[in-house]
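Multiple structures are listed underneath, in structure tokens.
Next come two complexes, and both contain chain A; in the first it sits with chain B, in the second with chain C.
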Partner chain A sequence: MSTSWPLWEVFVRGKRGLNHVHVGSLHAPDAEMALRNARDVYTRRNEGVSIWVVPATEITASSPDEKDPFFAPAGDKVYRHPTFYAIPEDVPHL
Partner chain B sequence: MADDLELRFERTVQSESRIEPRDWMPDGYRKTLIRQIAQHAHSEIIGMQPEGNWISRAPSLRRKAILLAKVQDEAGHGLYLYSATETLGADREDLTTKLIEGRQKYSSIFNYPTLTFADVGVIGWLVDGAAICNQVPLCRTSYGPYARAMIRICKEESFHQRQGYELLMTMMSGTQQQRDMVQDSVNRWWWPALMMFGPPDAESTNTEQSMAWRIKRDTNDELRQKFVNMSMPQAEALGVTFPDPDIRWNSERGQYDFGQPDWDEFWQVVKGGGVCNEQRIAHRRKAHEDGAWVREAAAAHAAKHVREEGAA
Partner chain C sequence: MSFDNAYESLLGHEDAHWAFGTGFSEALSGVDREFPAGVDKDALASYCLMLGDDALIFSQRLSEWCSRAPELEEDIALANIALDLLGQARMLLTRAGEVLGRDEDALAYLRDEREFRNVHLAEIDCGPGPGGDFATTIARLLVFSSWRLALFSRLRGSADPVLAAIAEKGVKELAYHRDHAAQWTVRLGDGTDESHRRMQAGLERVWPFVDELFATHSVEAALQGVAVDPASLRSEVDGVLEAVLSAAGLTRPKDTRAARVAGMAGRDGVHTEVMGYLLAEMQHLHRSLPGAVW
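== the complex of A and B ==
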């Protein structure tokens, strides 16, 4: 049996009202221990009010090699941004 | 195609943007980073020992709680950094094995013994102070996970340095014996602290390429000078001197002149001839081996839990 524990990615919510943010990874035998270890490694100074741990192998990521084509659909759609539209300056609240 | 990738890599580095784990990077960049970050991680882990030596003998509950928190931080710093190496494809067990087999190095400063409690203060002030000088520029290093780990570490190192200086101020306001103990400790740690920045630039083989890759941001001699400039006023405020007859303000340069450490001693300690090299590695090996049953038991418990869930 392999004694090397699996890798977990750790996400911490800094305070209420904020998203969980990725802070790093750690090794643990199971999810419960991963949470405890994450508390000790990543929140020694009140950096969080909530922690998520996810097995690193469960994360699917976009590939940086196809970065340009993958994000291309958003590239030419300037009309999705509010600054695309010319509105007279004297029209309020727009 | 390879040229395209290399060009994109170089442009990213030169524009002060960050390289992230799944980006293409030159093999040399990856290897150098793994070596440097692993060495840094090992230093944090081995660095727990010299101060850990004093936890059970701290003179008060306050000092004991502080020292425990500091040593726990060093463990945490080691873990942030090992985590960064894994984003480059390194294997944690493999790195631990390389450390305890002496195939990867850690900072030589931890091969010096901690003889008195004043050493706890001087390590916080000078050793962690030198580490901060080295590490603050690394918050802007080109590899994203390394830079992010350094930001966390630098925030925590500030507590380390301040607790050390405060400890020394307390001792300096005590008895003559206590003041002598502080000065003796400064005398023993000053030169090894200067050595922490590595050999002089002329002899440093890795500097040029690492600077081009922005893995390293300042040269060894630049950082050493900065550290001396920072430390002198702190020593004066504390009432101690550094054991260097050549150290004096140079008004033309606007910096302190200072003498060179004994580089023969430096290389001797790097090559394993320091007072504590064997002890540090033996202790790390024992801790790893003594912990084997815990790792196995926890893995067995996790596997059993998964089977039970599957059956239910």
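== the complex of A and C ==
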């Protein structure tokens, strides 16, 4: 029976978090039950205020084989980080 | 800030680790535990035992599914529900114990069968034992949580502030229990021929024990304003069950009534044959090793 239930990826937003964070996956027969299972499996310890579930089959992932073409070109572009500015002392909250 | 562990980013990076209680609240903190003037304390203790034992014994039954549910996710769901009910039982037995001069452990582990006040619906075997299966368990959960939610909703207005606070907390838990049972009832009833057959059989199994839920006991009658008269809940609960059963394509079983002994049932301490076995399993550790703690 386990094999007939699709896999769902679970994202939970914490009490003080602004974004949903991937916390794991689970099996459920449909979206409504996936939400409830996620509540039971991943928010038992008071972690969450909001849950998203997504069918695992709906996620398009980058392939490990593409790691270099995808990410290596960004590795030497240090100028993309705003670290070359002198920050004036009278500008707060930076 | 490390995101290696997804939970770290959920919990706000406080010193207190979540496993030990970040942001948890004590349900009854600040509640006045004095007994309201004019209330019959012995009746109040009996009433707390009734509601507490319903939760304790049903919790024990649900715990039997641990490691045996059809799916890991459902295993955890049933265990969560069992723990919610155990929490309700602890608060109610503690309240009873304030009158009786015994603590929650003494009441849970050291009373004998005739001293338990739970309804039969809580104690019967609905699976994973030979008395049922997952569908039967869902049928019981649907009936029990629909009834208890209606009861606790009204109990929030109890003249006893402790009972009112326990009900306030319990209503949120029970709403989830009822939802969980209703979700499954619809899926099983409206699923395959086999799941429909089993869900209908589960309803037939538990239905004879429904009548007892709505029978007013003398203890409840003696606690006007403190206790809820279960007879007043019948139409509300019937309405909920009708809605779920009709969405699930299931037939409401004929109203029959399980046999009583000289008119007495669970609220009088008269239980079915399985109760002794259930208590033996629940109590044997405490009785073998008095005072044992984890």
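Please note the rule applied: the second predicted complex is superposed on the first by the 77 of 94 C-alpha atoms of A that agree within 3 Å, B and C clash if a C-alpha of one lies under 4 Å from a C-alpha of the other, contacts with A are read in each partner's own complex, and residues count from 1 in each chain.
Throughout what follows, a residue touches a chain if its C-beta (ideal position, glycine included) is under 8 Å from a C-beta of that chain, and two chains touch if they have at least 3 such contacts.
Here the structure is a predicted model, which means the values were calculated and not measured.
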Original post:
For A:63, is the partner it touches chain B (first), chain C (second), both, or none of the two (neither)?
Top reply: first
**OP:** Of the two partners chain B and chain C, indicate the one touching more residues belonging to chain A.
**Re:** C
Original post:
Regarding the shared-chain residue A:53, is it in contact with chain B (first), chain C (second), both, or neither?
Top reply: neither
Original post:
First (chain B), second (chain C), both or neither: which does A:4 touch?
Top reply: first
Original post:
Is A:12 contacted by the first partner chain B, the second partner chain C, both or neither?
Top reply: second
**OP:** Return first, second, both or neither, reflecting whether A:29 touches chain B, chain C, both chains, or no partner chain.
**Re:** both
**OP:** Please work out whether A:21 is in contact with chain B alone, chain C alone, both, or neither, and reply first, second, both or neither.
**Re:** second
Subject >> Contact residues of chain A, present in both the chain B and the chain C interface >> reply: 1-2, 5, 24, 26-27, 29, 33, 40-41, 44-45
Subject >> List of chain A residues in touch with chain B within their complex >> reply: 1-5, 7, 24-27, 29-30, 33, 40-41, 44-45, 61, 63-65
**OP:** Going by the contact rule at the top, pick out the chain C residues touching chain A in the complex.
**Re:** 3, 6-7, 9-12, 18-19, 22-24, 70-74, 76-77, 80, 179-180, 183, 187
Subject >> Residue ranges of chain A touching chain C (in the complex, touch as defined) >> reply: 1-2, 5, 12-17, 21-24, 26-29, 32-33, 36-37, 40-41, 44-48
Subject >> Footprint of chain A on chain B - complex, ascending >> reply: 20, 22-24, 69, 72-73, 76, 79-80, 83-84, 86-87, 92-93, 145, 148-149, 156, 292, 295-296, 298-303, 305-306
